[in-house]
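We call the chains A, B and C, going by the order they appear; numbering starts again at 1 in every chain.
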Amino acid sequence: MKRSRSLVLRILALASLISVLAGSAAIQPSTHAAGHVTLTFWESTNPQEQAFTKPAVAQWNKQNPGIFIKLQDIPAGNSTEEVYAAAIAAHKTPDITNNLLPAVVPQYSSEGGLYQMDKLPDYISYMTARMPAGTLAQFKSSDGHYYQVPWKANPVMFIYRTDLFKKAGITSFPRTYSQFLAALQALKKKTNVNPIFPTIDTTWWQRFFDFYPFYLAQSGGTMLLNGQANSAIFQDHGAAQVMTFWRQIFAQQLAPKSSSTADKWAVNQEAMYLAGPWGPNGEIYQHKAGNIPWGVAPIPVPDSMASSAPAYPYTYSDPKNITIFASTKYPQQSWQFIKYYIDAQNDAKLLQTTWEFPYRKQLIDNPVKYSPSLFTQYPQLEQFAKQLPHTSGLDNSPKFQQVFDNVSQAWGSAVINGSKSPQAAVKAAASAVDGVVSGGGNSP
Amino acid sequence: MATDTVSTVSSRPEPAPRARRHPAGRFWRRNATGWALMLPYVIYFSLFTAFPIGFAIYLSFHRWNNLFKPPIPHGFSNYTYLFHDANFWNALHVTIVFAVVFVVVTVPLALSLALLLNQALPGRSFFRVVFFMPYITPAVVISIVFLWLYQTQNGILNNILGTFGISPVPWLTDTAIAMPAISLMVVWKQAGYFTVIFLAGLQGIPRQLYEAAAVDGATPWRQFRSITVPLLAPAMLLVVVFATLTGFSIFTEPYILTQGGPDNATLTVTLYIYKWAFEYSTFGYASALGVVFAIIVFIIVAIQRLVFERDTYT
Amino acid sequence: MAVVTPRAVARPGHAIRFGLIYVGLAIGTVLFLGPMIWGALSSLKTEDQLYTTFLPSPFTTAAYSDSFNAIPNLGRVFLNSVFDYGIVTVGALVFSSMAGYALARLQFLGRGFLFNLVLFTMTIPSMLTLVPLYILIADYFNWGDTYQAIIAPALVSPVGIFLFRQFFSTLPMELFEAGRLDGLSDLSMLFRIAWPLSRGAIVTVAVLVFMNGWDDFLWPLVVEHDQNYQTATQAVGLFVRGGASNGYLTWQLAMATVLALPVLAIFVFGQRYFVEGIATTGLK
């Protein structure tokens, strides 16, 4: 009896020792010294954006000893959105971050994960003074409050090889689908570079750079869901038409059906690609492709819209915003820093360093005047500035990721694999999306 | 008793302890030690197995998309949705086909390798290690190596096939080929483990049986059929069950190689559950998926045990 | 244990048969080792040579230095894996051998039930418990981004219990009777008598547990997001999938090589015990 009781005690001691060892091994980093506020800032890992953020934060820390900004990379994950969602769920959010997709705001704010910005007395006045007229309102949440700080937009357009186009005898960038196909065919025949090398990955956000801009261009800016974001409307706004067109591109082997590894533009593997202004910026500064001549052009529209389409058909705005997480203990100080981070000087630096377009009134109204050196050195960038007023974002739905997943599936089967007809694929996607966003009794 | 070389599942208990002073305390003394030693497992099981299973079942009847609010009762709706969820049935189909192909290819392969290795050859242990290496290598590593091997345009595999005049095979980008390609990779990784189990089983068969059969004029094939196969049944069951469980639970390989593509051709149930739980934050439905999936796996394993243990439960 | 002895009967074509077997084994070796060796070699190439040559020419370690730069926390991340799974292995050895010993050598109420429970636990698909376990650990215990999130759920290994139980059943009873006569408690008998004789089982369970832990990708992916707490496997997997490798396969192969080395090293050193351990304990 004595033997087994002491045995039990020894086992419990052993067990607690091990778990205490394991638990106490968790290192809690100390946050701040007395009288000193430290704010954690998760910054995006885009190298050019970091080239902007790091000096800006360093200067702030030097000039504001009372508020220290601790910079951290956003942790690696499948997508930034997953990382944010996990952080919110695990109560491990930072104070500030700068890679927020506006589309996730409904989901995070409904979880109470984001700070309500209009509680700050000068939020609305400051933002209205900064942004082009009327643009702040599109970032208001359905409950009438603001949970994000609109920061920048990157209209998605075509970046293309002006020299190869000349070689192929194409005088101006195609404006309609048949012109586009003809251009691709000419490029394929007359150059030995892939006319276009789109991704065949069906991850949801890849559609931002093929399907979605084309869809918006021909829908005139109408997005995938209706106004209340509870029903799919893309099936009635030309989604199948876009997919039929792209299916032809793959079927005629104008695009290779393979996944490529590294950068394609810098190694002469593609004659055009879809991206925001960060695209050519990255090619020049990171991939050392500075001597490859490039131009920028808007998205083509279906032939039937040739005469009615504007000079700059709608495209995806690829916006990224800044936000304060609700877990913060220092919202005032966080906002103080953010006001600095997006002030006139830093907005100009952002444009200069990353070529991404801050939501700044003067920039949109007159880009060349705003940043003469940049736009004289790279006049192609003016195209982005002209495109910016004609952009749409994403539907205001907490399920937008699932919506895009379904659209991506349709894309995969209709466009890349050709196993389903575009009409059937779009129809299936629309009914799946309806099942998800309708919020009806059965949806999970 | 103690000289048995191969123990059976239900081994005989040790004789009772000798002291008999306090009848009541005897019960405690007899059992306390055993219970005390089992305590860590019992705590582990309760906390990390039993509770989660119960919680999963509970959650499957709720809607829970927001961890900051309590789960909302949802009745059987998750299960009704699941029944109509084409993506789930597709994922189940992908998973079952993978598991079947995996077991059907791995078991004979492992058995053949074990038969090869069962000969008395010098350097046998070297080969044993060689075949075992992929098993010991992390799945992430193997996935990266095969990601490179399987490249369509310039991959080594296609280069080699090209020298035989075969045009490039779209290993990971064709809906019909992607999952078999992943199966091939997982077979390669796991075969060594099952080879070792078979090898041990083969070595447990007394040599005299073969010699007696040879004296009676039995051909090697007849010997294999009548001696090896029946006596390998316990090892066979172990291998088939483990291989099935492995086949059903792969996650890393499709995640790294194809992320479930192309066009959901490699979307296993595990990936699908991960998606609902951690990309869509829909924990109620993800739990329902887990429950249904677990039930299916249990049924399959139970059937396998019936088939194989039929003969050994004499 | 039956030992395989060479067949005494000399048959015609004996040498041919052996030759064929060796050819088969050689082909098997190329197939089983080839991809990994080639992959490791390729990590020393420049990107354009990836698909064209077998040997790198010239050798360059650029892939290694570039990827080390791309993953700033690499050293920390490897330490995390070693720390996490080291503790898990020790815990699994201790606790599993305790349970295995009890199941093999002691009689107590519920023993059969508990053994069946252990077998049952081994067959539960992990996806069933993934979501609730995540909520328990990351939400209720608030252990997201900590070491215990990985260590605690793995401290007991049902497979380890099974293997120890099988092995301990084969130990001769006389040893334990002698120990009991000397007045040793069961715990002492476990650690002082059974363990020294169980090198094969211990190494087997240790290697299995450590290897399965090191290999684990899904669970750290789910509970660890802070880069200070990620595991090596998780970091390398995310390196490939998360875009930090810029699509450079040489970088990815370099990281894969670095990731594989620790387990391979452990295995090569312990393989004699390990492979025999699987053999002796893997059967019913």
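The definition used in the following text is that a residue touches a chain if its C-beta (ideal position, glycine included) is under 8 Å from a C-beta of that chain, and two chains touch if they have at least 3 such contacts.
Every value quoted in this text rests on a predicted model; they were computed, and no experiment measured them.
Farthest from chain B, judged by the mean position of CA atoms in each chain, is A.
The chain pair A-B and the chain pair A-C differ in C-beta contact count, and the higher one is A-B.
For this pair, chain B with chain C, the centres built from the Cα atoms lie 15 Å apart. Here the spacing of chain A and chain C, counted between their Cα centres, is 39 Å. Multi-chain contact residues of chain B (touching two or more other chains) are listed as 33, 37, 40, 67, 151, 259, 278. Annotation for chain A: residues 3-4, 7, 11, 15, 78, 86, 89, 260-261 touch two or more other chains. Counting partner chains per residue, chain C shows two or more touched chains at residues 95, 98, 139, 152, 155, 185-187, 222, 241, 249. Against chain A, in their complex, chain B makes its touches with residues 22, 25, 28-29, 32-33, 36-37, 39-40, 43, 63, 65-69, 74, 77-78, 80-81, 86-87, 151-153, 170, 172-175, 259-264, 275-276, 278-282, 284-285, 288.
Residue ranges on chain C touching chain B, taken from their complex, read 1-6, 9, 18, 21-22, 24-25, 28-29, 31-33, 35-36, 38-39, 42, 50-52, 95-96, 98-99, 101-112, 114-115, 117-118, 121, 123-136, 139, 152-153, 155-156, 158, 161, 166, 169-174, 176, 185-187, 190, 207, 211, 214-215, 217-218, 222, 233, 236-237, 240-241, 249, 252-253, 255-257, 259-260, 263-264, 267-268, 271-272, 275, 278-280, 282-284. Residue ranges of chain A in contact with chain B, taken from their complex: 1, 3-5, 7-8, 11-12, 15, 78-79, 82, 85-86, 88-89, 107, 110-113, 200-203, 256-261, 398-399, 401-402, 405, 409, 412-413, 416-417, 419, 428, 432, 435, 441-444. The part of chain C that touches chain A in the complex is made up of residues 47, 72, 83, 87, 90-91, 94-95, 98, 138-139, 142, 144-148, 151-152, 155, 185-187, 222-223, 225-228, 230, 235, 238-239, 241-242, 244, 246-249. Residues of chain A touching chain C in their complex: 3-4, 6-7, 10-11, 14-15, 18-19, 21-23, 25-27, 45, 73, 75-78, 83, 86-87, 89-92, 260-263.
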